[in-house]
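The structure's right below; bear with me while I get my questions together.
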Amino acid sequence: MDRRTFLLQAVTASFVTGVASQVSATSYFFQPAVDQLLFDGINRVKDHAKKTGLEKSHSPAILAPISAKSGEPFTVEIMVGENLHPMGPSHWIEYIELSIGNEPAGRLEFQSRGFMKPKAVFTIAIPKDAAPSGKITLVARQRCNLHGLWESSADISIT
Amino acid sequence: MDRRTFLLQAVTASFVTGVASQVSATSYFFQPAVDQLLFDGINRVKDHAKKTGLEKSHSPAILAPISAKSGEPFTVEIMVGENLHPMGPSHWIEYIELSIGNEPAGRLEFQSRGFMKPKAVFTIAIPKDAAPSGKITLVARQRCNLHGLWESSADISIT
Amino acid sequence: MDRRTFLLQAVTASFVTGVASQVSATSYFFQPAVDQLLFDGINRVKDHAKKTGLEKSHSPAILAPISAKSGEPFTVEIMVGENLHPMGPSHWIEYIELSIGNEPAGRLEFQSRGFMKPKAVFTIAIPKDAAPSGKITLVARQRCNLHGLWESSADISIT
Amino acid sequence: MDRRTFLLQAVTASFVTGVASQVSATSYFFQPAVDQLLFDGINRVKDHAKKTGLEKSHSPAILAPISAKSGEPFTVEIMVGENLHPMGPSHWIEYIELSIGNEPAGRLEFQSRGFMKPKAVFTIAIPKDAAPSGKITLVARQRCNLHGLWESSADISIT
């Protein structure tokens, strides 16, 4: 009797966790083959003065004002790649999402058909009480089916 | 004059790219305060024999068969937490998503109102040519608004 | 000069609002060709005693208990089609969503690659104050890229 | 034995369709009370020369060029309401989505917390072979939790 079948019989709840210890991040069975390291965590630009090619093509670029008045709408533009990342059935950006600190604000989801470019413009307004310190952090994330999850962020003042 | 102020004055549109180098992960302005380290990467159970409380309550548990026939549907059940994680406006699971290796398959998105429990059952079928090695890796991810992104995975054989 | 051309010349941004009156539902330019009438509204089974083929293959089937205790979790299973609808890049179910009355509860989004079957199992719990009348309506919706939006519903008692 | 329990026992597949005939659109149990008629179909502006208040506040306004070159990116701006619709936990716009004819292109999903305004800017490019007739229809949809699904559309030429 293998371990999972055993667990299935042993537990009342009749479920087993699949996070079995034999699975490690280095043994994922990916199709197609990708660089496994990119899927281990959240990718960010390491040195802004010396970006790698992958960082240039995948890090979300955030276009936002330095400061905004509380309650007043402003736009946050997020682009994937300094030159826009390609979009097509075999290689595409699944979504661009924006959080205000750890609070999710919205997510633009793309179909893989390729009509859309990986660029989003969000219009947001921050109430005074959401920025008690006078600052918030805009956090932009995107996921590429071949190159994993990427994040960048920018602090802005709320006056 | 810092770089962003300079840009702000230089461009007509009065916007700046925010991926400025002065922003580091340790200076996010979160509201409410959370453990910043949880937002630095993808959280996974470190030692399955000795899970922490946070790992028990946030790691996606995967219930899946050990092997499946190619082309035949089977279910993959994913639960957030050994006891289901609470759901409500101030603390909730935003989504549960399933990928087949690096290929996204589907995502169950929850409203924060709290009607839904953080549990998903997906019915999937893997064609032969998607598992050339005879194995695939099921990758389950969820994100909690206060405790970040969590992932677990399980390999299954496709015969 | 039509209204849009006029606006085009009048505004600096060289863009126009497209909700112009000359566009009617019967003139959509679809690719590929589909039955336009299916996209005019929300499709529902017209006569449960005599379902059409399209109704059988597209109406969401809801499996749910007749009554549930307030606060206690129960499952709601939703399938697209009495025999599951096919899933593939050219014809697929984009999502299955569940609302509690008019309140959205969750949405399962599918990729068009075809790994997933159009079936969802949601686990929900209804607090007493969300069912002041002692009843709620489960509303299931799905959208097919070729056959439009479909809805079905079921009332259940909350005791 | 009630009808659904009976069905549960009678069918091999052990599920029942919940679209039981006793449920009609006029008997939904909504919480809070809303105008049921708005949830019966897809709402559109009826007479562009004489919009009602609800049409003004809920119909998606599309800002797009009259024509575009195939393969060249252009922006499509979609706003909910001539004056932007309010966003907050009890009344909000769940999403704005854009389709190219019947083909979904992308969807911007909003959290109900209220940081975001119901406005989206999509950047799209239409390949020649997706517009064999030389025209495409942009279809914008949004759903309001209290006032249902709304759609508007605009034809543009692809040269």
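Points to keep in mind about this one:
Labels A, B, C and D are assigned to the chains in the order they are written; within every chain, residues are numbered from 1.
One rule holds in what follows: contacts are C-beta pairs under 8 Å (C-beta built on N, C-alpha and C of every residue); 3 or more make two chains touch, one makes a residue touch a chain.
Remember, predicted model here, so these are calculated numbers, not experimental data.
Residue numbering at the chain A/chain B interface overlaps substantially, since over half of the positions present are found in both copies.
Note on interfaces A-D and C-D: more C-beta pairs are in contact across C-D.
Centre to centre, using the average C-alpha position, chain A and chain C are separated by 27 Å. Taking each chain's centre as the average of its CA atoms, chain C and chain D sit 10 Å apart.
With centres defined as mean CA coordinates, chain D is found 25 Å away from chain A. In chain B, the residues touching two or more other chains are 100, 103-104, 109, 111, 113, 130. If you check the complex, the residues on chain D that touch chain B are 89, 109, 111-113.
The part of chain C that touches chain D in the complex is made up of residues 4-5, 8, 14-23, 25, 27-32, 34, 39-42, 44-45, 48-49, 59-64, 66, 77, 79, 82, 94, 100-104, 130-133, 135-140, 143, 145-146, 148-149, 152-155. If you check the complex, the residues on chain C that touch chain B are 73, 84, 100, 103-111, 113-117, 119-127, 130.
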